[in-house]
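Working notes, structure below.
So that you can tell them apart, the chains are marked A, B, C, D, E, F and G in the order they are listed, and the count of residues begins at 1 in each.
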Amino acid sequence: MEYVYAALLLHSVGKEINEENLKAVLQAAGVTPDEARIKALVAALEGVNIDEVIEKAAMPVAVAAAPAA
Amino acid sequence: MAHVAEWKKKEVEELANLIKSYPVVALVDVSSMPAYPLSQMRRLIRENEGLLRVSRNTLIELAIKKAAQELGKPELEKLIDYIQGGAGILVTKMNPFKLYKFLQQNRQPAPAKPGAKVPKDVVIPAGPTPLAPGPIVGQMQAMGIPARIERGKVTIQKDTTVLKAGEVITPELANILNALGIQPLEVGLDLLAAYEDGIVYTPEVLAIDEQEYINMLQQAYMHAFNLAVNVAYPTPETIEAILQKAFLNAKAVAVEAGYITKETINDILGRAFRAMLLLAQQLPEDLLD
Amino acid sequence: MEYVYAALLLHSVGKEINEENLKAVLQAAGVTPDEARIKALVAALEGVNIDEVIEKAAMPVAVAAAPAA
Amino acid sequence: MEYVYAALLLHSVGKEINEENLKAVLQAAGVTPDEARIKALVAALEGVNIDEVIEKAAMPVAVAAAPAA
Amino acid sequence: MEYVYAALLLHSVGKEINEENLKAVLQAAGVTPDEARIKALVAALEGVNIDEVIEKAAMPVAVAAAPAA
Amino acid sequence: MEYVYAALLLHSVGKEINEENLKAVLQAAGVTPDEARIKALVAALEGVNIDEVIEKAAMPVAVAAAPAA
Amino acid sequence: MEYVYAALLLHSVGKEINEENLKAVLQAAGVTPDEARIKALVAALEGVNIDEVIEKAAMPVAVAAAPAA
């Protein structure tokens, strides 16, 4: 998850989630970043609206009705 | 006061002194209290740093005036407007709200009396009663109470509300309730008004809804908790929720992006698999493997 | 809600929720305390187990309604 | 949570949530305020719409559907 | 399953779910596509709101236990 | 999710989830595969028992056991 | 939440969550770290078992139905 945390850290401070920024953060955390994983993450996050996803994550979870007894 | 009997002067003097020596002065109506419960209440009040003195309404009025004058607190005189029934003076250190609550909590159940209004719903509970079979069964049934004889005892089939709060007890029902040992009435000191620090409080003001305060407490706590977690202000109470929220946020984003880690793999594969299942449900059966 | 926050503040620091303490806190917040409201609050909270009340509020998961059997 | 309660107390009476006010309220509650915690709270609340945030559920809440009987 | 996964794959990359595309994907996965099933699948999916289905799959649903009657 | 659908498609027809197979399927769906994401996916799925994971996913959520009445 | 993401990043790569490490990560993300907030976070995390806390969050929300008596 360290790559995801790094991405959310960047997002929460308003920085772009790109390879360079991710690398900088991960290195500061003492990790040698894996190019492929960074590229994959950046690509995967393209088109994802992070604010929306987070907002949804906080939303109430629907509970299916218990089956009739 | 020229023609006033000596004992009355003394009584007023004593009452006034009492009023002057306590911060909270209340008027209560003792007329519904039988002698024994009243003496119990006196003891209870003494145990709670107070005193109850029953006197004639006219003397109470004079005592309040005298005390108000001597204390230089004209607001105290307003208490006089609330004197009614068999008034007594209750002086205490409890604040008026606590006093009201105290009096409410110490009301005692009393047997049914025809013509009296009940303060709460009266329910005859389901189950066996101590009553032996007799004409009372027919009387109960006539009133819609599901009574039956079981193993030689009158048994009530299910909980039955026979009176709603505020309704009046009929003589027939009073008989039945007394036979069952159900005490639907309450006796206690009725607070007429209470004075403290220049303010006269009436029972309407003093009857606070405790549940409302509990709700407010819970709401205040939730607000504080929400605020602290949402702005990530770490406290011993919020640190876990903050960590969890951060984790859940990260996980939600990774799952949405289809970025597989050991924390997200179950969700991601599960999502794809469930999408397949849900879609398959919409297809004709012969299409499925 | 200021009276309730004041009460929770006192509770959380282990102070008694009484008229005097409530007044002090409210005055420090720049409020002229209303005697009657303070008295009412103190009376209402007497005998209330605040920790328990709060714990109940803190449980985020709604409890499923008891199913009719 | 005492710092948060103090902040919400100030907020609910329309006072600014700043170091000075927080300190005054906490001291009135008998606490010796911790500078770092006060500063951290003030910093965390900067630019935050408190009315909105307090209503926002911090965690996903399961909403129980009434089961069919 | 493979037919449905193929359809979901096409949908997620914004391609039309038609016979030709399905065939191509299945063949790439090493499957010899069954003409009849592909036709039936395309017909069956017409009018199905796939986004909605995916949305539903994403919602974590807590299931209340069946009450013992 | 297209990479995941492609992987599950391969899995459901008994094909190995490797870079080559994923690429073929994605290309057949008209996507130019991202090397990094493919590598990351293959790496992430290594050692994962997909059947097991999927089986769990089919159950919406842990069901609290209803105590016998 | 940036301070928390930074902390989780450090935790997930096995680094100690202390003032120095948090500062380094936040600076790499382009933030000028607030001393007070860092101190407050480090203090709050003392004695917290992060793995356990996260594991709890990862559990789906199971809602126990009230058993019919």
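Following the convention adopted for this analysis, contacts are C-beta pairs under 8 Å (C-beta built on N, C-alpha and C of every residue); 3 or more make two chains touch, one makes a residue touch a chain.
What you are looking at is a predicted structure, and each value in this text was computed from that prediction instead of being measured.
Peer 1: So which of A-G, C-D or D-G is the twin of A-F, meaning more than half of its contact pairs are the same residue numbers?
Peer 2: The same interface as A-F is formed by D-G.
Peer 1: Across the interfaces A-B and C-D, which one involves more C-beta pairs in contact?
Peer 2: Here the pair linked by more C-beta pairs in contact is C-D.
Peer 1: CA centre of chain C versus CA centre of chain E: separation in Å?
Peer 2: 54
Peer 1: Centroid of chain D to centroid of chain F, CA atoms only: how many Å?
Peer 2: A distance of 43 Å separates the two centres.
Peer 1: Quick check: how many Å separate the C-alpha centres of chain B and chain C?
Peer 2: Between these chains, centre-to-centre, one finds 17 Å.
Peer 1: Among all residues of chain F, which ones touch two or more of the remaining chains?
Peer 2: Correct list: 1-2, 5, 8, 40-41, 60-61, 63-64, 66-67, 69.
Peer 1: Can you pull out the residues of chain B that are in contact with at least two other chains?
Peer 2: Chain B, residues with two or more chain partners: 220, 222-225, 232-233, 235-238, 244-251, 258-259, 261, 263, 271-272, 274, 276-277.
Peer 1: Along chain B, where are the residues that touch chain C in the complex?
Peer 2: Those in contact with chain C are residues 95-98, 100-101, 196-197, 199, 201, 205-206, 208, 210, 212-214, 216-225, 237.
Peer 1: Spell out the residues on chain A that touch chain G in their complex, using ranges where they run on.
Peer 2: Residues of chain A touching chain G: 1-2, 5-6, 8-10, 12-13, 15, 21, 24-31, 61, 63, 66, 69.
Peer 1: How about chain C: which of its residues touch chain B in the complex?
Peer 2: It is residues 1, 4-5, 7-8, 19, 35-36, 39-46, 48, 50, 53-54, 56-58 of chain C that touch chain B.
Peer 1: Within their complex, state which residues of chain A touch chain F.
Peer 2: Within the complex, chain A contacts chain F at residues 35-41, 43-44, 64.
Peer 1: In their complex, what parts of chain B are in touch with chain A?
Peer 2: Result: residues 245-254, 256-259, 261, 263-264 of chain B touch chain A.
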